[in-house]
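Residue numbering begins at 1 within each chain, and the chains themselves are lettered A, B, C and D in the order written.
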Amino acid sequence: MKDKKRAIAVPIQSFNKITDEIYSITLYDQLIAGHAHSGQFINVLVPRANDILWRRPFGIHRINADTGTFDIVFKVVGRGTKALTTIKTGDKLDIIGPLGNHFTCPPDINEAIMVAGGLGIAPFPLFIQDTGNKNIQYTLFYGTKSKNQFCSLDFFNTTVDNRFLATEDGSFGAKGFITDSLERYLKGLTAKDGKYIYVCGPTPLLARVKQLAHRFNIRAQVSVETMMACGFGACMGCPVPLEKPAKDGRKYLLACKDGPVFNMEDIVFDE
Amino acid sequence: MKDKKRAIAVPIQSFNKITDEIYSITLYDQLIAGHAHSGQFINVLVPRANDILWRRPFGIHRINADTGTFDIVFKVVGRGTKALTTIKTGDKLDIIGPLGNHFTCPPDINEAIMVAGGLGIAPFPLFIQDTGNKNIQYTLFYGTKSKNQFCSLDFFNTTVDNRFLATEDGSFGAKGFITDSLERYLKGLTAKDGKYIYVCGPTPLLARVKQLAHRFNIRAQVSVETMMACGFGACMGCPVPLEKPAKDGRKYLLACKDGPVFNMEDIVFDE
Amino acid sequence: MSNLEVKIGNLELKNPVTVASGTFGYAEEFADFFDLNLLGGIITKTVTLEPRHGNPPPRIAETSGGMLNSIGLPNVGVQGFITEKMPFLRTLKTKVIVNVAGKVGEEFPEIVRILDDVDGIHAYELNYSCPNVKEGGLSFSANATVAEKLTASVRKATTRPIIAKLTPNVTSISKIGLAVENGGADAVSAVNTFVGMAIDLETKKPKIATITAGYSGPPIKPIALAKVFELCQKISIPVIGIGGIASTTDALEFLVAGATAIQVGTANFYDPCASVKIVQGITGYCRENNIEKISDIIGSLNI
Amino acid sequence: MSNLEVKIGNLELKNPVTVASGTFGYAEEFADFFDLNLLGGIITKTVTLEPRHGNPPPRIAETSGGMLNSIGLPNVGVQGFITEKMPFLRTLKTKVIVNVAGKVGEEFPEIVRILDDVDGIHAYELNYSCPNVKEGGLSFSANATVAEKLTASVRKATTRPIIAKLTPNVTSISKIGLAVENGGADAVSAVNTFVGMAIDLETKKPKIATITAGYSGPPIKPIALAKVFELCQKISIPVIGIGGIASTTDALEFLVAGATAIQVGTANFYDPCASVKIVQGITGYCRENNIEKISDIIGSLNI
């Protein structure tokens, strides 16, 4: 989908604290609810407190085409997300979106291995909604710091075939990094055809998954996060370094315009 | 009273919209409730929205020594006062105060002629509370732009002997400037001994009252407003020009430290 | 309707509101958001002789109310610009000003000569002042002699209007302004970004890969306005004001200080319609204040 | 407890947190708010040879997150300072640094000579850089030769440490830094305010009576930090960092960039306890990060 870009004030249908420091917002926008795909994001003008300059990007988490609404989930990590907690149901939120490209499913896929770290879970409900009509087995690897940091588990209860959870402090699921669970799983796989990894999360997790995908020779798509001043290709502030120059000679692609989803093998993580 | 300066977070006992764009806040602080005098002010750290840097000064409007509370009243005129409307009862407000000097009554006073323009009404309830034990006749001249801009009229109903109200648009009281009413009143006065003018309001009003006080040869005290970066004598940003150099040679006094109350005849209005 | 037209040399803008180089891409990035033809003019991202990749990440950081950037002038080079970007720009019914920069002085007239054969370009802005490239960059407009010579060399290469974009990171911006005026510039634009820096305390690394970077946005406005005022007092050619302009009030302040036109920069990022809102705001201001022509405001500072 | 001591020449501060001239009065103004002896040092409002009235109002204006001031150095003059302000300052158990300025160059050593007979003064800060006085002001530190000579003349007048306070309104602050180092300064402090301006659209008047004014507060921090970093890279004497410092994080960024100490300025106005909070914040930071001595942080930038 090539979307016409738009800055629009959309009604806040509901705003909820869903777990420790994590909130969800349901926004009414027929266009996004009708057309957006997993990996795409919106860029939100947060309330102008705390000397904030830029918008803040958030992935489209889930859509409800019937009600014309969609959800984002976010975690309070700094001044922008803190300011965002002051919104109220009934207000409008000024957003730009849908922005960016999205995850894609190759025709030969039989298993989607989703790997999420923390709020990296954001695109995956929509991923399942997007692709649910295909004959795919869904396997979810989802790790957080601690028990009270998971979100949308209900959704995944009924939609994924396999679920691996881990917490760094061991308060829920396996103790340790979710990539350890992933590694065990990949080791145990007999056939690799038709398996595909989709990953979103903090950079160290992405870098580790890249190693694993390479080692086990499984294709992977990744949704990256970078700082974004604009989100729509105007500032050139969001470069993603490439393993080797693109066909047009570029050494960097732009996370907001050429991404946020990339083929794992194409890009470099600076760790 | 020579107060020890203090920056303190005081509980917001209540916060109310009292009329068009005008709000009152009741704050709990035994020291101010017990000791402050009319003309003194507090300097308020408003919620840090809208790129605000400085505190905002507000006069102490009224005190309730029994409950240990005092009121300020303010009008929304810009970004600071707008941000101030987001406070909530039960929160704390970070203030510095009491600051500044105050109105004084000479022993020979028999009539206090209070002249207020708009929010210049702020110090006068406390003025009456301060001086009410003396044998003074209180005359109030109170002008605003329009009917819905008056505040604390109830208080004055029961405390002043004479009341003159005016609005610029004629929607309440006399039509025109309150200084016109004052001029008529001063013209009608037979004896001038023991009469004293106390005035607070926008600079053009002060300048006009200065002329009248001079013309009718009545002593006057004025509470001035200037921009204030600190409010406690540190920035030297609030100079008030003197008619003639002070005893120590100074050409300017500081509104926050030497004022905000001055003898009308000592200071120059730049209009 | 008030007359909002202004003239920069013999370049006529329908209104004084333009957009700053590097903050508006090649205009196409904003075409979905509003009718670009409502703007007085568009200034492109800097074009260089050869294509450039730009600097490694991180290139941007948000500060208190402003931002740092060290993008490093990534662009497809002048030939790529002509084939890839000009076709869209040529469809616009507003003035197109191409911002150019050379690695060395000689490249400036060279690029301008190449572009001079291309239709649909109305003027050049010479980026003498990017603090984020190793080669040249700042130095072109930190030294009056260099700036004058460079301008004179470009002057010989084109009859189209040339606007010298000045750095604020100098002791006396008006000295540089006088130098480029002598060199034959039709106008100056000021200011480019300030050299700034931020540090990530956790990693103890600079927040931008190139250590220092260009500082922009609302926090620079008071300094930019003082620089623009200084230029307006001292030089005879028009001054285009830039620096932290985010609202109609900001824009009008620059005009009152003497700027003939303004550029909206960083504000485009968080509000892609910021520039057109300022066009509307100025229109409204003139109507409400019965201002017949915008030139009545320009330089109307009451001192 | 970590060791927070730092040395500025042979001046020992118990911690690197001091307060900027003109933002802390003569310390007495803040005595009610907290125990002044917790600070590393106190820098007084500028003292001049003769008393000064200061500039006419309006002297201050609030901008987006920052402020403009043109106070004009009102003060009681050096004799008044000695009789009226020193008695209180002498009671303090922290270092007292007297900031001095001359109308003409010769007044600097003259004032310092007068103060040199006075007990309780630990160092001088030379205000070469006030943008708000007609006489001299900026020019003393905008020119390297002038700055060097002036410093040398003060050097001859005293054995107490001298700190040259530099203006940021120059092309190369490190050139001036080198000059005052050569002139014999024990340290530099940077930066003073930036030349800035704001206009009241309704009256079309500048918001400050002197038209341009000094810009300070959080918005200048990124530029100030870049200037301090430049100085630390290029000169050998200690640098005291100033500019928009309002939090512990801000202060630590300057130390990491190489500053030996810092000054809290504009933040004192809205939070009179800002400086002591930073002392506490740095103490806490060192404890949590097992930093034995503050000098391990200074200049620890990871590049």
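In this section, a residue touches a chain if its C-beta (ideal position, glycine included) is under 8 Å from a C-beta of that chain, and two chains touch if they have at least 3 such contacts.
Nothing here was measured: the structure is a model prediction, and the numbers come from that model.
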Other chains in touch with both chain C and chain D: none
Chain whose average C-alpha position is farthest from chain C's own: B
Euclidean distance of C-alpha centroids - chain A vs chain D, Å: 48
Approximate Å spacing (C-alpha centroids) for the pair chain A, chain C: 36
Chain A and chain B: spacing of chain centres that average the CA atoms, whole Å: 56
Multi-partner residues of chain A (each touching 2 or more other chains): 51
Per-residue multi-chain contacts in chain C, two or more chains: 63-66, 218
Touch-based graph of the chains, sorted into line, ring, star, complete or other: ring
Touch relationships between chains, expressed as pairs: A-B, A-C, B-D, C-D
Chain C - residues contacting chain A, complex: 22-25, 29-30, 32-33, 45, 51, 53-54, 56-67, 69, 71, 74, 217-218, 266, 268-273
Complex contact set, residues of chain B against chain D: 4-7, 45, 51-55, 96, 226-227, 229-230, 232-241, 249-252, 270
Touching residues on chain D, where the partner in the complex is chain C: 63-66, 68, 142, 169-171, 194-199, 201, 203-206, 211-212, 215, 218-223, 225-226, 229, 244, 249, 252-253, 256-257, 300-303
Chain B contact footprint on chain A (complex, rising order): 47-51
